[in-house]
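For reference, the structure I am asking about is given below.
Think of it as A, B, C, D, E and F in the order they're written, each chain with its own count starting at 1.
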């Protein structure tokens, strides 16, 4: 395990997905899934997200397109939230998913719009101060 | 068939894929595939590429990512060439395909790099003046 | 947006999926997903479903086969219900899904049969008069 | 291996793909791929194609839709030829592939039309009497 | 229906998935899905699992890899439990899914680890004696 | 880039795919695809193939199953040859691909058997001494 790449990945992953979420993932890891946590942090967040030839905003939009095509709803919802953190606007997310509908087919597009709506609702619920605050 | 949307699509399609290529496609079309030519021109190039909320350069990068995930080598090669026309640099194409390798898997990444190389070679061969010019 | 194509699509979509379902979809749409509603209605339901060279019953069976292969369970359930509306019998749906099992693999087939059962149960529950009626 | 199911499958397979093609496949089989020949003949052609609840013409159209979505060009070309033998017209094949373009995405549709054209050309070349006949 | 192949498949299927589960599946089957139960039992469990050239433990690991790539979570969870019955250790399941993450992409890997965890939790809950036993 | 992981990956990759093939790949690499060569060597061959909890023979069989499901013929052919180097027999490859036919569908199985045949033919041609030797 390359410490430098892992540390770089951990910092980017926390920036994009939120420190609390990432810390919980590591805290919940055991012998079974710790290597997966390490792989993801080092290679995915450290190696590829750490490359500077594309801005994070662009990488987020590419992920939305790819993960839609790959048909992975859990990961897609997480990356919709990550895209908002990386400065992709809701209108830009809409444009990515309209392009998905044309290139990956209408059923893929319909699924994306439903998942994005769920992600937006969760983000909005967290942002809203509780009554009485 | 909406004439305005078709005309807008035809213009964008010629810009991105080259007027000669598009004119040949229509010239070769018959009763069997003319509706596919029309659908693609109007719906894909007119409707989604004609929307102004994302720049063409971004749409090209999204297409590279999606078509890689969809595993469609003929279309991918065509869109690598289109991406170059839309101002995506070879270094940026490399970055898209490294991200494909991580998110869609190593075999997908290997295929993309081979196809991009073929596209670059064809583009370079066309750009080179014939000996004796 | 071609008004004529959109109107044709809206009528077919209501016939196949039910007017109430479609009206709710439009009523719930906002700036984010309205373009997706329009795209689906015009191109999918107006352009392709509006073509007369295949009967709706055949188009429904093709959709069951394709959407099974594409692995999109939400859309599949909706199109099982739509297929029943278009005159595909439960025995014919069974045959489509047995062919899916052979050509797309056993896990795809198992998923289809489970989703079809859920769709049938929902259709049967709606058809049953409430106790006391 | 159930002899009855195998024999039923062999007869249907020869009807749809041509006796010569099927006989060559068995003649070329050895220890490595004979079990695959047997599985395909019995399970695919005997078991599912032998069921009488859908006409062969419908099963051919379903196969074109599914194999397009599955992205298997060799098998798709073979089934385009089989579909013609089962009475699917070229116009009906066009309609199936336009529906593929909408539901599986434009790149899938483009690939299908190219493969269908190759299949038609091969069928037409075989049908044409040699010069001097 | 070949009785011998069906009986062999039924025995293997009960060994791997549990007799109770399989009996429930048949008891719940009706005209609609009985042919799917028969197909699965005879061809999948009888024909391929009944071949002796690979041990069941290897077939289970192959299934985990393939069903992950095919993106079929219900079937994957069932086959994680089946793999444990066939002697695949949790550490070996981890290794299969790390290989999935590299070859099918990180989102596929993440999904597999989540599904495996759910399967393990269900297996552990069943194994635990109820309080007071 | 972790030197140790890269060196471990380079050694394994040469063992499985042949030193000459790997050296040619690096010799042909330029700014465009060198990062992909490095990623594949370190992450795929070093990180996952270097883990000792599964024997290489098992990892090869898993790859055949996954890459078949992923529908990547170039990579599949290379991994058929690699599997032979890792001690997977032709009979075992046959068994993997029969299981692919059942779980991923008949068209996937047919493609695998064709690609395996091509790989075997190439391996046999290389093994045969030239006439006159």
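Details
Here is the rule we go by: a contact is a pair of C-beta atoms (placed from the backbone, for glycine too) under 8 Å apart; a residue touches a chain by one contact, two chains touch by 3 or more.
Listed by chain with UniProt protein names: A, B, C, D, E, F = 4-carboxymuconolactone decarboxylase.
Computed from a prediction, not measured in an experiment: that's the story for all the values here.
Steps from chain A to chain E, minimised over paths through touching chains, total 1. Put simply, the chain farthest from chain F by mean CA position is C. In this structure chain C contacts its sequence twin chain F using mostly the same residue numbers, the overlap exceeding half.
Greatest Cα centroid separation from chain A: this falls to D. Separation between the centroids of chain A and chain D, computed from CA atoms only, is 41 Å. Rounded to whole angstrom units, the spacing between the C-alpha centres of chain C and chain E is 30. Shared contact sites, meaning residues of chain B that touch two or more other chains, fall at 35, 39, 43-44, 47, 51, 67, 70-71, 91, 94, 98, 101-108.
Note for the complex: chain A touches chain C at residues 71, 90-91, 94, 97-98, 101-102, 105-111, 113-114, 116-117, 120.
The residues of chain A lying in touch with chain E in their complex are 31-33, 35-36, 39-40, 43-44, 67, 70-72, 74-75. Interface residues of chain F, counted against chain C in their complex, comprise 102-108. Considering their complex, residues 43-44, 47-48, 51, 53-54, 58-59, 61-63, 65-70, 91-92, 94-96, 98-104 of chain F touch chain E. Those residues of chain B lying in contact with chain C across their complex are 1-2, 5, 35, 39, 43, 47, 51.
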